[in-house]
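The structures considered in this document are given below.
Same chain, two partners: chain A is paired with chain B first, then with chain C.
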Partner chain A sequence: MSEDMGLIVKTMARATIPLIGIFGAYVISHGHLTPGGGFQGGATIAGAGVLFLIAFGLSEAKKRYDHHVYSALESLGGLVFLGAAMLGLSVAFFYNTLWRKGIAFAGEPGTLLSAGYLPIMNLAVGLKVFAGLVSAMMAIAVYRRWKE
Partner chain B sequence: MIAPVFFYSALIVMIGAFLSVLRVLFGPTVPDRVVGVDTLNTLIVAGMILLGAAYDRTIYIDIAIVYALLSYIGTLAIARYLQGGLE
Partner chain C sequence: MSALPFLIIIPLLGAFSMPIISLFGEKARSAWAMLVSALTLGVASKVFYDVWSTKQLIVYTLGDTTPLGKGVNFPIRILWEVDLLGALMALIVTFVGFMAIIYSIEYMKHDTGLEKYYTLILVLELGMLGIVITGDMFNFYVFLEIMSIASYALVAFRNDTWEGIEAGIKYMFVGSLASSFILLGIALLYGQYGTLTMSYLAVKIAQNPTLVSKVALGFFIGGLLFKSGAVPVHMWLSDAHPAAPSSISAMLSGLVIKVGGVYALTRIAFSIYATSISIKTVGWIIIFFGCVTLIVGNAMAVIQTDMKRLFAFSSVGQIGYILLGIGIGLTAYGTKVGDIALAGAIYHIINHALMKALLFLVAGAVLHQVGTKNLNELSGLAKKMPLTSFAFLIGAAAIVGLPPLNGFASKWLIYESSALYNPFLAAIAVLGTAFCTAAYIRVLFTFFGRPSEVVENAKEPGKAMIIPMLILILAIIIMGLFPWQISDKIMLPTVDMIKDQLHYVVAVIGGA
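After this line comes the complex of A and B, so read on.
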């Protein structure tokens, strides 16, 4: 059994993986304007990771996957979400002080730099979902109990 | 506004999707069913774009793009499994 899928699939994956990544980043960053958001965009980018694993094989994916980096990225996503929720803790938990006081992300509603802490939370959830799904996929891919 | 022309064309796409569902149900071998699912994916993307035009919402096209990219990965995963799996 060959390690990767043939030349056509590999060339196609080289063209498609950046496209999927950029589209997932678009879905995450426009989460407060269009359908989608953190989870959907993160799952889309993790689909690019699945495509990499399928097209290039397990050993090539193992070379580019570091468990500690992805674990740290997933924890960082959760911490940024919690930190954005605690920004307005002097008033209430999940108080959108960035929007109410007009500090940052306080543009006209409907533009990209609006909605206070929502874009930050979307970025954090997208990072967390991407790192978690890629870690789970690699853990399942290297788990080979059926080989004696 | 809702244009009826796009609904009629979406209905035609749905008839084609129903035929490919028949192939998925009655396909004698596994590759027959895979080809049926792949055809169904493409037809559903076409239906999504037609319904997005029918309801006059441009943001529905984003979902069609995501579905087109991810259905390609799904078909590729089944093909990889059928040719022997990850080594």
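After this line comes the complex of A and C, so read on.
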């Protein structure tokens, strides 16, 4: 039995994986404006990873997956979130100093570059969720054998 | 600026950066874990000293300087509220966590996947610190889940052993069910009162004590008794503690069941419900479970042949004493007897965390050096591993409650108050201790027998495993030398602060 799925599925996957990725990126980056956000967008992009794995097979996915990179990306997401939360530490933990002081992301409410640390946190959470879900999925996919 | 947020920031930073740090190799990884937990211990000491020296609650709001919203006089933000009990728990959590991390450098040397191990152990510490400092119900739930999920993963960490997986699955199913009880209770309270802040919830429930609030309290007590391993629902504990790596058993038994169980129970009962419902009933329910736990836990410890399983059942038994103290503290609320009982319970939380951590570290050293924890094979260990056996002797004597050691004072407070409150309860407590003594004397006699074949070639573990044990012995002995000073200077003020529900509320609402 071959590992990958048929030609139709693979071709469709080639077409849809970028679309899923772009939509996920949209959900993440507009997290402070529209429904969705870091978790939802990150899970959507990880869905593109799942599609890649089952359409093209494990060996193809293994070539493009480096455990260390994803592990580092995941912790980077966490660190960025923590860093954003610490920006206003002179007032309080999680104080939205970017927005309150108008330093960055301080545009008109409703525009993309508004809401202070929220877009940064959404990006961080999206990165973390994506990297974490893909790592977990790959770890399960490569898990030894069906029986001893 | 308050040191309080660093209690969360530092372990969070340590856990998040662990995968990156471990790219630099094994040494960097363990050094980073030690550094992070040492810094956290420093911050916790600072917070404890601040609260203890001023006898003032620390209220810390996330996101702004005041918890109150603009134009409204109720709290809208997540806030952390630390009284002396919270600060004391934070101190003991970081202390035992630090010891466990030093210990695991040598103990976990032969295992793989250690970057995940250190991440998880820091996350476990983070979850417990969050529980003890939080003043928000949902924040409490989130930290409870952080703690629980980290401990599920750590119990099943050695996933090539069947018992690790079995215990992990059992713990996860039971623990998730218990967490969902707590979440359901929180949802009911939010639906009824529209707030999640503990102190404002206390006001709202006092104004309008509905059936819903009682049902929610029932869910909380149910869920938290699960988490603390009280008797009808202790079955996960006796499997999880033996199967986990010993450094983790030390944290689970010393900290997780106290922070996620009895501490949270105390906080919810005293800070939220104390003035609004009949706490006498609640107290008797807790006393009932405490007495059952005390007898069953200690009695089951007597018949075990597996060393760590014996310690696990003994933990169940000791939780019984703590629950008994808290229960009497609730039923005799506002009287001298109630104060003494509650002080004894809190004192016993701290003492038992120290001695059970020591005992599990001893069990880990034996398992690491000899390769078995079956007591039938371990006779004569005292000749080959004198230091470890001495550590066991101290831990066992402390847990039974021999006078020069720390277990005496806390148990004495519980005996005294239960005898004053109801002699029948004192009789049950003494019966539990009789079983406990029997269990530990059995182990002691095994240690001091003729060396068996298995222990023939045993020798002492290395420095990284000995030093945490020595520090814990030192702590137990020093705390044992000044029992009444500690009780008067720390435990009784703690009780005063817990009982002062008005202050707990006013510190947040600000008299509005």
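The working rule: the second predicted complex is superposed on the first by the 146 of 148 C-alpha atoms of A that agree within 3 Å, B and C clash if a C-alpha of one lies under 4 Å from a C-alpha of the other, contacts with A are read in each partner's own complex, and residues count from 1 in each chain.
Methods note: a residue touches a chain if its C-beta (ideal position, glycine included) is under 8 Å from a C-beta of that chain, and two chains touch if they have at least 3 such contacts.
None of the values given here were measured: they were computed from a predicted structure.
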Contacts of A:A55 with chain B and chain C, given as first, second, both or neither: first
Which of chain B and chain C A:L79 touches, first, second, both or neither: second
Partner chain(s) touched by A:A92 [first = chain B, second = chain C, both, neither]: second
Partner chain in contact with A:K63 - chain B first, chain C second, else both or neither: neither
Superposed model, chain A: greater residue contact from chain B or chain C: B
Contacts of A:G47 with chain B and chain C, given as first, second, both or neither: first
Chain B versus chain C as contact partner of A:T16, first or second or both or neither: first
Chain C-contacting residues of chain A that also contact chain B: none
Interfacial residue positions of chain C with respect to chain A in the complex: 1, 5, 8-9, 12-13, 15-20, 23, 60-65, 115
Contact footprint of chain C on chain A as seen in their complex: 68, 71-72, 74-76, 78-79, 82, 86, 89-96
Complex contact set, residues of chain B against chain A: 59-60, 62-63, 65-66, 69-70, 72-73, 76-77, 79-80, 83-87
Residues of chain A defined as touching chain B within the complex: 1-3, 5, 9, 16, 19-20, 23, 27, 34-36, 40, 44, 47, 50-51, 53-55, 57-58, 141
